[in-house]
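As structure tokens, here come the structures.
Shared between the two complexes below is chain A, which has chain B as its partner in the first and chain C in the second.
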Partner chain A sequence: MERSEEYIKNERKKEWRVELQKKTKAKDRMAIERVKMSEQDPNERIKSQRIEVNKGLSAEQAVQEAMRCMDCVNPTCMEGCPVSINIPKFIKNIERGEFGKAASVLKETSALPAVCGRVCPQEVQCEQKCFYVEKLNQPSVAIGYLERFAADWERESGEIAVPECAESNGIKVAVIGSGPSGLSFAGDMAKLGYDVTVFEALHEIGGVLKYGIPEFRLPNAVVDVEIDNLRNMGVKFITNYIVGQTATLEDLKGEGFKAFYVGSGAGLPRFMNIPGENANGILSSNEYLTRVNLMGADSEDSDTPVLRGKNVVVVGGGNTAMDSVRTAKRLGAENAMIVYRRSEEEMPARVEEVHHAKQEGVEFLTLTNPIEYIADENGRVKQVKVQKMELGEPDASGRRRPIPMEGSEYTIDATVVVVAVGVSPNPLIPNSVEGLEVSKWGTIEVVKDKMQSSIPEVFAGGDIVRGGATVILAMGDGRKAAANMDTYLKEKYLSKKVEQ
Partner chain B sequence: MKEFNSLEDILDFAINEEQMAADFYTALAEKMEHQEMKDTFEQYALEEIGHRAKLEAIKNGKEYKVSEEKVADLKIGDYLVDVDTEKTNITYQEALTIAMKKEKAAFKLYNDLAAAASDSASRDMFLMLAQEEAKHKLRFEVEYDNNILTEN
Partner chain C sequence: MNKIVEKEDFSEKVVKLVVEAPLIAKARKPGNFVIVRVGEKGERIPLTIAGADVKKGTITMIVQKMGVSSKKLCALEVGDYVTDLVGPLGKPTEIHNVGTVLCCGGGVGVAPLLPIVEGYKKAGNKVITVLAARNKDLLILEDEMRKHSDEVIIMTDDGSYGKKGLITEGMEEVIQREKINECITIGPAIMMKFCSLLTKKYEIPTMASLNSIMVDGTGMCGACRVTVDGKTKFTCVDGPEFDAHKIDFDEMMSRLGGYKTEEQDKMDHFQE
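What follows is the complex of A and B.
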């Protein structure tokens, strides 16, 4: 949703906001310490994949934290949010105790605030831009925790209102993939009166939110509530259905679908292509996490010995690597270790995940890179040969890139290796749809901000367009695509000129 | 090792190497199943032709110098397994691997030739060629480092 500066300014001048602004002096706001999230004890939580680490804020904590927010005239935090959530407005609603209203503000722009509050990299988005960080060099307002609080409050209060949907226009649209991008698209289209069906290749709805991100970070129940909400709005879900295999886009057109949103994600694991990488016991983070999260390989009676090992080496430094290594701990690994070729500052993982991983006893080998896997006589990995790296001189782009230190090689024992070095787009749709323009990276090319592909009735967004990105960006794409597809379809089928 | 009798001989050799590289990429482009990979290899072929043109200019009298500057070697390709260039569905990651390895091999060749050169003019010429190849390789390595090694 586009927001004018004027709108934001006027909102800030609403009586209730002014009242709050006057009620507490800036000095007193600044004197409040940033809230600490209460967490499950590391020794307890590593006993289960399904115990959420962060417990959430109490209402008192949330109100107190919301008081820290200065309700800035120029709320720079909003610039840091990829979907421009009206941050001060939702926070001030928390301060005055209107938690449900706070949740509504979030929902104006974010389809899944309870998810984003838990998984967005706030420290490089809104929180990095907060007045406290920019001007006071102090910890930012805990925007992410507050977002989670408001969304959870709404869910737990049982007061989630099913959004009103426009009268059905009878136009059928198909969504390919049920990740955050597909879900947010589906929600907006249902609200606009379309007949929406989501096709999902797996047996579970939710994409990475279910098969990738473990429950200790994002409980399935949080996602399921949103899915039920979509069902109540009339969205149909068809699982175990691979578009491009079970049926093609052409087949679906034959069934009356007029337009498509491809949100098929980037689920193709990337490997390093170093010697020995196809030994048994080396698997992609994608396979590893899916087996645990979707197939219950963490349960006691599960017969999946391949996943359990004494020494688990995870290669990579992103969220996927952190999720894998912490899963390994929970599956009973004695040594769970991250091997990452750059330095810790450069890890793309959320800072909180790195912190939690350390609390849980994960070892970090940074500036270290695997160069070969050594297998035993049965072809099962037993060691990883690694090499130390040093950072080179800054290059033209200012980046200091890691360079191998020859002669620094040594080996680490490994019973299981999880490779989490990146993902590529799922190739099925890009490869099987005639006339669809695709980049050399395998992503679908779309008109920026419209999300329309080279085939007019096919829109796309999320990781299939961006490569591996974030939940909030995937969701934002879904919403943009819905708005633009609506214009396209109305012009084409309802001969209604839509005002842009 | 090949015998070189003059600087022109050396340049002719190098020009031919660039042309062979261009031909190699053109052949790969023709074989690829998907348009975006055809485009990729055609682009690589064009870059090689650009290198050839640069050397031809030197042959025609354009000045060149061996700079002292050391081109960074990220050594990314050194540890990767060879890509099967017979297949028709090479990915972009593999395309970059092929290119990094090819440039590295050329760099090594000229470096070895420089070490074995009997006169300083030939040595300088080989060093200049080696440096050019190192730069080409770095361009592919940076792309690989930025886009493939995202580790996310």
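What follows is the complex of A and C.
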């Protein structure tokens, strides 16, 4: 959201903020140690997929942590947040005990603060830009923990305000995909008075938030509250509906939908195309996580089976890999291993997840890459042949390129292997909509900042445009698209009415 | 939630279900399938759309009782609801007028074959259908097949009906008798493998419709992967039909057993 520097500055000069600024000396603020998140004991938490690891901050802890924030004249932290949450404003509300107001500040720009507080890679976004890190070389203010605290407080207080919606303008818009991007778009459009319907291919709403990210990091209940909130705002949800298959975009136009937001995600799993990869026991992280998180295969009474094994190898170093390997631990693996071709420093996973995985006894084989799978006589994988790697010059991504070391091959025993080496854009929509411009990577091309595709009434955002990003970026796209689609639709349909 | 409006027991093991699904009925083409889930703890399983009635807004599924999920589905009665139903999925069969087509169905594979036989006939082909079953009681859809085929040959393992012998024997007889331009085979993987070997010998272009294990059916999980012409393909979005002569059937059969122990555990649990 566009917000002027001046607005931010004036907010900072509000009486209550000035009072807080004066109340505690900078030196005293800096003397406070960064809060430690209380966590479930690793030995306890690995007994269930459904125990959340982080327990959240107490009110006292939150207020104390909020005091560390210097309410900077130039709050650099905001530059690190893709949706420019007014970070000092929400934190200072926590400091003065106005937790509900803190939550309202978050909601000005973020549709799912309880989600982002839990899953944003804060250490490379807002927190990396915090004054503490930039100027003092000290641990940043725990922005993510505080965000989660405020959002949870609001939810648990039962006082979630249903945002005010403008009077209905009767214009029907469709959302394709119910991931964070589609949800945030739907919320904004409902607020603007549109008649919003979300179509989802799966039987559950939430996209990766439900089928991918496990409950030990993000409880489904947290996501469901947000979805109910949208329902209360009048958003309709239709599950088991694949746009492009069940009905086409043209069919939906026939039903009166005037514009579309495609938030269909990056659901296509990549494999490495190495020998033996189709052996039984080798599966994509999408399959593994979907079986457990969407289908509940960790529980006895689910009809969906999942593979368990004593030795489980997970290939990759991102969030998906961490979620898979920690899921394996929870399904009873004695040895759950990450095999990653670069070093730990290059791992794209959130630092906290790597830390938690280690606490839970996950082994890390870095600078190691699988090159072949060896199956037993029944076609089930029994060993992974790997090769050691060393780091060369930085590649296009800026990370140092791994180079195989000749003669360094050896084998690891494993009866379950989860391949988590990335995903590609979901091809369903690009394939089924004629005239939609698509890049060579299969992502939908949009006008930047507008999120409008080559078809004027079709907007797109999130992973289908970015090819795999983060929850907050997907949400930010949804919001941007909503603002621009609103302008587009008002020009096309409503301005004429006014003239009449 | 989709309501069951009609149910018929074809045999002890095979049930026909007609379910309300107006959009799918309208959009489906021969070769498409749906994913079905029964109950909140239910598994997602793929089933071919054996027929559809656009006016009534219904689709027909023919289900063989295999494990927990198919049994739960078959236990539903008229008036009950299927918890989730999504589709149509997969690429439709490419049906053209090619001349004479040999359609081969075994076991419950006869069900997905029906709309394809219908399609080929409508496109103006001469359709010769070979159906195979272990015995007379397990044979399904004979009348429907006769309605849309120029000739139907029936093979049973025990000779209790039609001719005694394997499906390939019935096929070979036809192939030696007249020119076949195209062949399609649907049934147990082992049957498709041998059908494919046979038609390869006679250089008849052949399609096989694969029944891989699936989860989402939309290309998201990769559970359904098969090797075709040395490349990995996803049955749900790239198939379910592939050039039979290029399919690695041995790998495919092995992958069908990928969850065997786990499925058996679920079955034991179910029966307790």
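What we mean here is this: the second predicted complex is superposed on the first by the 482 of 500 C-alpha atoms of A that agree within 3 Å, B and C clash if a C-alpha of one lies under 4 Å from a C-alpha of the other, contacts with A are read in each partner's own complex, and residues count from 1 in each chain.
Here is the rule we use: contacts are C-beta pairs under 8 Å (C-beta built on N, C-alpha and C of every residue); 3 or more make two chains touch, one makes a residue touch a chain.
Note that this is a predicted model, so its numbers are computed, not measured.
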Now for A:246: first (chain B), second (chain C), both, or neither, which partner does it touch?
-> second
Which of chain B and chain C A:273 touches, first, second, both or neither | both
Touching A:404, do we find chain B (first), chain C (second), both, or neither?
-> first
Touched partner set for A:22, first chain B, second chain C, both or neither | neither
Classify the contacts of A:13 with the two partner chains as first (chain B alone), second (chain C alone), both, or neither.
-> neither
What is the contact status of A:320 with respect to chain B (first) and chain C (second): first, second, both, or neither?
-> first
Classify the contacts of A:342 with the two partner chains as first (chain B alone), second (chain C alone), both, or neither.
-> first
Where on chain A do the contacts from chain B and from chain C line up?
-> 273, 277
Can you name the residues of chain A that touch chain C in the complex?
-> 201-203, 239-242, 245-247, 267-269, 271, 273, 277-281, 283-284, 286-287, 290-291, 295-296, 299-307, 378-380, 426-428
In their complex, what parts of chain A are in touch with chain B?
-> 270, 272-275, 277, 316-321, 340-342, 347-349, 369, 371-372, 387, 392-393, 395, 397, 401-404, 420-424, 431, 438-442, 467-468
Parts of chain C lying in touch with chain A, wherever the complex brings them together | 23-24, 27, 37, 39, 41-44, 68-69, 72, 83-89, 215-216, 218-223, 225-227, 232, 237, 251, 254-255, 257-259, 262-263, 265-266, 269-270
What part of chain B is in contact with chain A in the complex they form?
-> 34-37, 39-40, 72-75, 78-81, 83, 91-95, 97, 142, 145, 147-152
